[in-house]
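Going in written order, the chains are labelled A, B, C, D, E and F, and every chain counts its residues from 1.
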Amino acid sequence: MLGKIDGEAGGRVIESLRDIAPDLGRYVIEFPFGDVYSRGVLSLREREIATVAALSAMGNARPQLKVHVHGALNVGCSRQEVVEICIQMAVYAGFPAALNAVFAAREVFRERDESGITDSPATPR
Amino acid sequence: MLGKIDGEAGGRVIESLRDIAPDLGRYVIEFPFGDVYSRGVLSLREREIATVAALSAMGNARPQLKVHVHGALNVGCSRQEVVEICIQMAVYAGFPAALNAVFAAREVFRERDESGITDSPATPR
Amino acid sequence: MLGKIDGEAGGRVIESLRDIAPDLGRYVIEFPFGDVYSRGVLSLREREIATVAALSAMGNARPQLKVHVHGALNVGCSRQEVVEICIQMAVYAGFPAALNAVFAAREVFRERDESGITDSPATPR
Amino acid sequence: MLGKIDGEAGGRVIESLRDIAPDLGRYVIEFPFGDVYSRGVLSLREREIATVAALSAMGNARPQLKVHVHGALNVGCSRQEVVEICIQMAVYAGFPAALNAVFAAREVFRERDESGITDSPATPR
Amino acid sequence: MLGKIDGEAGGRVIESLRDIAPDLGRYVIEFPFGDVYSRGVLSLREREIATVAALSAMGNARPQLKVHVHGALNVGCSRQEVVEICIQMAVYAGFPAALNAVFAAREVFRERDESGITDSPATPR
Amino acid sequence: MLGKIDGEAGGRVIESLRDIAPDLGRYVIEFPFGDVYSRGVLSLREREIATVAALSAMGNARPQLKVHVHGALNVGCSRQEVVEICIQMAVYAGFPAALNAVFAAREVFRERDESGITDSPATPR
């Protein structure tokens, strides 16, 4: 589930915890991915819409926002849809939150272009 | 657009601004609903998923969270799906945010039951 | 300084701390009012504009926001100007923050009307 | 572990989730209490100091702050120590956060007095 | 209005949105500057005091805080007054928020010195 | 008190304020260290546990979090205990807050290793 959503970006986070807090790495896999994301009810695409919205609005978790922009693109969101979520957050969390989220998304788009990561086919709604 | 999403709850907010800040009432309609929600790209159902997620995570806008739980139920989310978004926020904003969002959602469910408001048919994904 | 700005509302806060945290009551007077507000540089009116803006944007300190809406009206802001600060916060902290601040301000306006508290004459800019 | 720390207050939270989000009730027990609090390394008293500090500083989770003021008193903190944590938060999160935390703590102290809940013996440091 | 307040810094933000979210660039101009800042009621100097205060207190929008430190200096605030607003935020949002705001302001002061941008004459109060 | 807790890291903060906001440097010493930390009631070790928890949870004050990770290690916390506080914050403020705090702590551990700063002997609980 972690690989499906976050691809390499998620794996690198877990890897980076190995020397300092390996149990936190385990919890990150067990609770969010083992428990929550695998519950069904919402599609993975919808879950990533929720997460990109929340992290954009909170505005204090830029690395995780970037991981989940990757995630959204990996499970069927288009780049335009990701940007659209960020724009919507201007309404609820203000323009600075929206702007900083859009700029984080742009960094992810560039990383994917440079690394040759292909977005998943957009999910028909 | 405001009526379609927020139903009576949204109208009451605008109404309540009339004596003190009527222009803010106008902005609430023009920018979020006139500009943002009418952009397409995301479905109304997806936009409400994003908004419920963001307001649950921020944890400081309970009245607006309740308006948008109404909104989500008005545009094709089921109650189970709304609760699911709140649960997911435990991962990104902590358990208190998730718990308080679930309790706000329950208040909305009760209000709808007492007022006889029918949820919209769930949108097939 | 405390009396000049916050009037009775500020005094009640200090009073309410007497049984549980009297030292915190002392710090509230010494640092904000003894040290900061008495520094000059900004006028009291400008300091209250800054504080109402900050507390509106933070969105998690409603009692203190109400104390400082009183404060703003006590040192030369008009009610229209207080509402205007709240509206501006929609840009930086989102519409929920602005709406909740306006509703807190309205409660203060009503309290002042009911208690016969007179706003200070508006300061000419 | 839940009962030891949060006593009845924690049990009521889980109970209240039964009709709307029973899985969230299960997660609240499994992850925080099953996984985190039972890790050792820090004493329960130290863990509650950390939690009361965090919830006071965040300022948007009053019900959970109250549960953990109960928790702190159940595992060896004195009332004076709880108030002291709240006061310290004035430095890091501002005076409104400190004041609102102290007022929440006072409500808990009163509830315990009225319900005849005895604080645990203070842990010698 | 955008040029008057934010000078080149504001223009660069809009420009940088052109490739990824041009509509967000348009909204940033239309709503904050077209609608809000042009309302009168508060002077531009007072509006920038409010914005610098809010962004300092929120602590999660450093690029926008820097744009509005420029803005404050462009519409009649002195550098000393900008620093004073940041210091005041220690009271409401804690010392870390105040320190980080002061350090952001210092970066802006240096940028202006290096680019030869002149502060506007201080507005007599 | 400042030197005892924050060591060189704290001194550098005060020093860096000298040219732009020397009074803020004075307040940082007087209120947090002169008033709050010297109150007794809680041990310095417990105060640093509270501060690391709060700054981890707030997630918008990374430089100050790093200063207080140094502080915790200077007054009797082990590295494992510091990491443990960060992990616990996943429960209350979400996984992104916990992860970013752990990564900030790791930077401090490396700085101490490179600078040859010795952690204080762990305080027996």
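Please note the rule applied: a contact is a pair of C-beta atoms (placed from the backbone, for glycine too) under 8 Å apart; a residue touches a chain by one contact, two chains touch by 3 or more.
Labels paired with UniProt names: A, B, C, D, E, F = 4-carboxymuconolactone decarboxylase.
Predicted model, so just to flag it, every value in this text is computed and none were measured.
Contact with chain D and chain E alike is made by A, B, C, F. For the copy pair chain A and chain B, the superposing rotation over Cα atoms measures out at 180 degrees to the nearest 5. The chain with its Cα centroid farthest from the Cα centroid of chain A is C.
Taking the CA centroid of chain D as reference, the farthest chain centroid is that of E. Remark: chain E and chain F have CA centroids separated by 30 Å (rounded to whole angstrom). Once the centre of each chain is set as its mean CA position, chain D and chain F turn out to be 22 Å apart.
Between chain A and chain C the centroid-to-centroid distance comes to 39 Å (mean Cα coordinates, whole Å).
Counting partners per residue, chain F has 23, 27, 31-32, 39, 55, 57-61, 64, 87, 89-97 as the residues that reach two or more other chains.
If the chains shown are joined wherever they touch, the resulting network links each chain directly to all the rest. Interface of chain F with chain E (complex): residues 13, 16-17, 19-21, 23-24, 27-28, 31-32, 55, 58-61, 63-64. Residues of chain E that touch chain D in their complex: 57, 89-97. Listed in rising order, the residues of chain A touching chain E in the complex are 58-60, 83, 86-87, 90, 94-100, 102-103, 105-106, 109.
Contacts from chain B toward chain E in the complex involve residues 23, 27, 31, 35, 39. Partner chain B is touched in their complex by these residues of chain A: 31-32, 36-37, 39, 41-43, 46-47, 49-58, 61, 64, 80-81, 84-85, 87-93, 125.
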